[in-house]
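The structures come next, written out as structure tokens.
Below, subunit A partners subunit B and then partners subunit C, in two separate complexes.
What follows is the complex of A and B.
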């Protein structure tokens, strides 16, 4: 096949993507070197001042970053455990297996912000059903205005929303596993637990790693849920990096500074996701 | 031992099912309430605990001028933006994925895998990073608050998904199919459109569904890049939340806006059970 044809297939997509993205990326880098804010909107050049401020003064950014790490690692871990359990359960023999598969997929089809609005009414402190139920035991937790509980609420909502995605990826993986390995294990007389430890889990390791990384990428962008559910509050108890950048950039209009934040955040994300991927590969595949 | 296992399994499935369904049932029940029934505490069963009313649903079709919410226009906007962005992404993504799967590219140190990674890596980009430059870029182009601007942005969100799924899919389609077509005297384009494309419909459907899901459920870009002219569904519904919240119309509009994609869950399950999805998702 000659030179021209293959480029005609590839280039339209590639050029459209680059065409739309090239300006935003270069502009973010340039903007991060300027002091653009609402008083003085313009591209001046102040060197690395924004970055110095970010690394030396801005406690709030780093706090929001650790909060994000905590929230995304917790939710993804929960989603993995729950999603894997659910996938294993509806994998083989189960009554109404296909019904449950559809049911478990439904949350990921719903719009996160819209469901979060509903969740907000569910967790409402005086009018919601959760506290209505808990009041039977004479406790009425302040789900959205307590530092710790607000995080718990975010984790519950995120788990509800995204466990199905993990479930889908893992179930698709389970269904593609070769039958032979399981037959061999049955012949050797392995029970369900040993089958899982020695056959299913190792076979699923690459798929698990893929699924975890995909979910971590998506979870690190968590923003919609927090905007609707808590607006980062109470105080800054649920403020994540994305949300902090959003406040700086599009609420306080410190465009230059928020571009520096964005760029730093992006670099940290890429580096840490690469490290996590490497670690996961080592931990999960070395086992056998 | 086995009985205990079965018991635990069904127990867990029941609890999880209840957790999945709970917010929908609550929303359904709330959508038939009025101010009185909402503010008097949590109630669940219509007629028994509160007097149901259709007000929450009726409001959705009225214009804002007559005290309604009017979700009809945002609904159509959402459909237009999601469908056009998905179609363009699938079209360009399929072509690019086909090229990446069949031909070798080499430009300096950049090879096929690097190009594929470039496509997919756009998913890593946090929306907030792109939001400010997009805001300024669309403002400059005069496309802020317009459907075209949103479609452009959504292509960036959706094309990585299409490329990711389709590259894996084409890697599974045997090369012999297009080679035979070429030997039979087709040029590469005929081979692609007449032979390869009809065989890749399942992959394109899977990719299309994921584009629809991620396009329909996006909120952030629609929220940042539009104001009053063009409002998408999630933005309109979340706006309800910020004022004195009318829970009944909120619940009704939430239910009606998540409804269309529930159908997608059935299609995904069909593909899953037939084994077509496993190849496409790995």
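What follows is the complex of A and C.
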């Protein structure tokens, strides 16, 4: 088999890659340079007009991006803390360990849209069970209608839904840790807290970084929860980038402009996640 | 007048004949029409059974079940049985109906023979739709459709969409409360005013605020003033326009409600609209907790479930309230949208201090045949069958179907009294309200039907929701909307929008 034959074997994979990754990105870039909308269908060429509009006129996109950053960083941080805690809980000997492991995974197995509809009912301000209970203490928080509380509600739902994912990855990491390091720490007289700080956490750092980055990528695409729970409201209090792009593209049918938004968003996410990953490595993994 | 009496007589006669025709061979096979039996017509069961579409396939993109999706599927099944056609019904969420049809339209494909959507899609979709053939436009069944709904389905005199549903916004209220002598006395004692069906939005607000937050129906639960569609991106802009028409649609200033047709200056931030938005912000104080996040479904459930005194939007909340399992059946009333004590005169640049009222013939469900479909004959027959008299009368009695009155024969009280057990007075009020809005008023507002309509309405939804959430004052919010509208006009082209808008303005100014 010569060099050329080897390349032929790579061709199917390459074609799939071109079809599902390269072509859509290139088409999005081309679309972003057109004025395609409901009235002018077609790939005309308007240069960087959509990008100029985005950077000079569209404050709403940038507001939604900063809102997204806040929501995704907060939810992923909470998911990490809770997921790690739950993983530690079922890592060592515990009665009904298997039961708890499955139980903690259930939220992740449910369909996000369906669960959000259920959460919406739970937090319904006049008919929902949460306020029904709280009204006994004469408190009826506006879970979905108040600027701040609506964000809190989104964070609660997202944390509930995706903490199990973090739990699963971190539990897998904990189960693969070498026993020797823990034995050595025990011989040196380290207690559970010191063992966690000096052994478990450092050893878990690489997998923690991986889990955090995966969740940040997913959290930055948050859409279904917002769509069902608040539609980005009240006002624009919970509007995120992906929801805004959805409105511009599929509601208002500004295909050219939404392509420009999508591509800009993709570039920002690649750059910011690369920076976040480097910062996490520097903070969590000590060179010595 | 004579004509009105005569036509009512004919309609009542037809209705009696229809009732007498019940239990015919078609209603035995199709229990959906058990109340009327088949009603003779160009697209009746009998007529359709003579067609043979065996070996042909019809594909329909419609809304999700139940609203409009359920009747589409039901009539598809009936149509298939009668004609031998294979009918494939695809259900799509409301928010995706526009793009799901628009993407293949723009790509030159025709995956669907029939597309369902909202009637205000007409300008964006019309170049991809087959106009309704003269045969259907001139048939007897179509002569029964009100002029308002012929206008809604047509573009510049040519019918593009097949009328299947009728929509308008009107006021719904708790009759048992407003007519209650004890509450009338209490209201008079505490406010010095008469308790009555509100004539103006200010009065609506005062009464709603009075009846907000206490148990006025004795069921042990708190009740509230009003249920309204306030959730962003859930048709809230239509609710805002309903509140705006009285303050901004001045019969003395023709030439545009949304824009000044001559200059195409957006009028959305004028004093009339600002007054309406100020009222609406005030309304957040008398809606149920979380009412600012109510979509259409919440509004229907809230008013239909007896939680509020008032509501205004499409028919659904009223029909839901009048269904047999409703706790408030025969306790609700219908009335025209409230008016205002003054209306903005944009020519004078001042308020006209006189009572004004304007019906809002809001967009509703529409269906049309794709130009590229190879089954035009079968597709139009299906739509004609969908809305034949027997199917239509059965459909309007089922709240979840979302099919509402749009035929003159729908506005006969006895239909509702005999077939749905409505109180006679309520049925009279309901039909009178609807009929007067459609046929008598000369100060109507039609939905915005211009290229890029969603860009305009989306800007309204964003701006008004910021005002409702307290993020901006009403004037700031509407200034923001007007600025956005200017940008959209620039992108789409002022002349393109003007050309389309002129068609709607001609209807509003009664030039047709």
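Observations
Keep in mind that, in the parts below, the second predicted complex is superposed on the first by the 267 of 288 C-alpha atoms of A that agree within 3 Å, B and C clash if a C-alpha of one lies under 4 Å from a C-alpha of the other, contacts with A are read in each partner's own complex, and residues count from 1 in each chain.
The working rule: a contact is a pair of C-beta atoms (placed from the backbone, for glycine too) under 8 Å apart; a residue touches a chain by one contact, two chains touch by 3 or more.
These figures come from a predicted structure and were not determined experimentally.
Legend: residue contacts after superposition of the two complexes on their common chain; A:185 is shown touching neither subunit B nor subunit C.
Contact with subunit B, but none with subunit C, is seen for A:10 once the two complexes are overlaid on the shared chain.
In the superposed pair of complexes, A:277 makes contact with neither subunit B nor subunit C. Looking at the shared chain after the overlay, A:108 reaches subunit B, while subunit C stays out of its contact range.
In the superposition on chain A, contact is made by A:143 with subunit C only, not with subunit B. After overlaying the two complexes on the shared chain, residue contacts for A:175 are found with subunit B alone; subunit C is out of touch. Which of subunit B and subunit C touches more residues of subunit A is settled by the count: it is B. Once the two complexes are laid over each other on the shared chain, residue contacts for A:35 go to subunit C alone; subunit B is not touched. Contact with subunit B, but none with subunit C, is seen for A:27 once the two complexes are overlaid on the shared chain. By the touch criterion defined above, A:152 lies against neither subunit B nor subunit C after alignment on the C-alpha atoms of chain A. Annotation: subunit A residues 126, 131, 250 touch subunit B in one complex and subunit C in the other. Subunit A makes touch with subunit B in their complex at residues 1, 5-7, 9-10, 12-14, 16-17, 20-21, 23-25, 27-28, 31, 82, 85-86, 89-90, 94, 98, 100-115, 117-122, 126-129, 131-132, 160, 168-169, 171-173, 175-176, 192, 207, 210, 217-218, 220-221, 223-224, 228, 241-243, 245-246, 249-250, 255, 258-259, 262-263, 265-266, 269-270, 273. In the complex of the two chains, the subunit B residues touching subunit A come out as 5, 9, 12-13, 16-17, 19-23, 26-27, 30, 38-39, 41-42, 44, 88, 92-93, 95-96, 98-100, 102-103, 105, 115, 119, 122-137, 152-153, 155-156, 159, 163, 188-189, 192, 213, 216-217, 219-220, 224, 233-234, 237-238, 240-241, 245, 247, 250-251, 254, 257-258, 261-262, 264-266, 268-269, 272-273, 275, 277-279, 281-282. For subunit A in complex with subunit C, the residues that touch the partner chain are 35, 37-39, 41-42, 57, 60, 124-126, 131, 140, 142-145, 147, 230-237, 247, 250-254.
Residues 95-96, 98-99, 102, 106, 124, 224, 231-234, 288-293, 295, 302, 307, 451-452, 454-455, 458, 462, 465-466, 468-472, 487, 491-493, 496 of subunit C are the ones that touch subunit A when the two sit in their complex.
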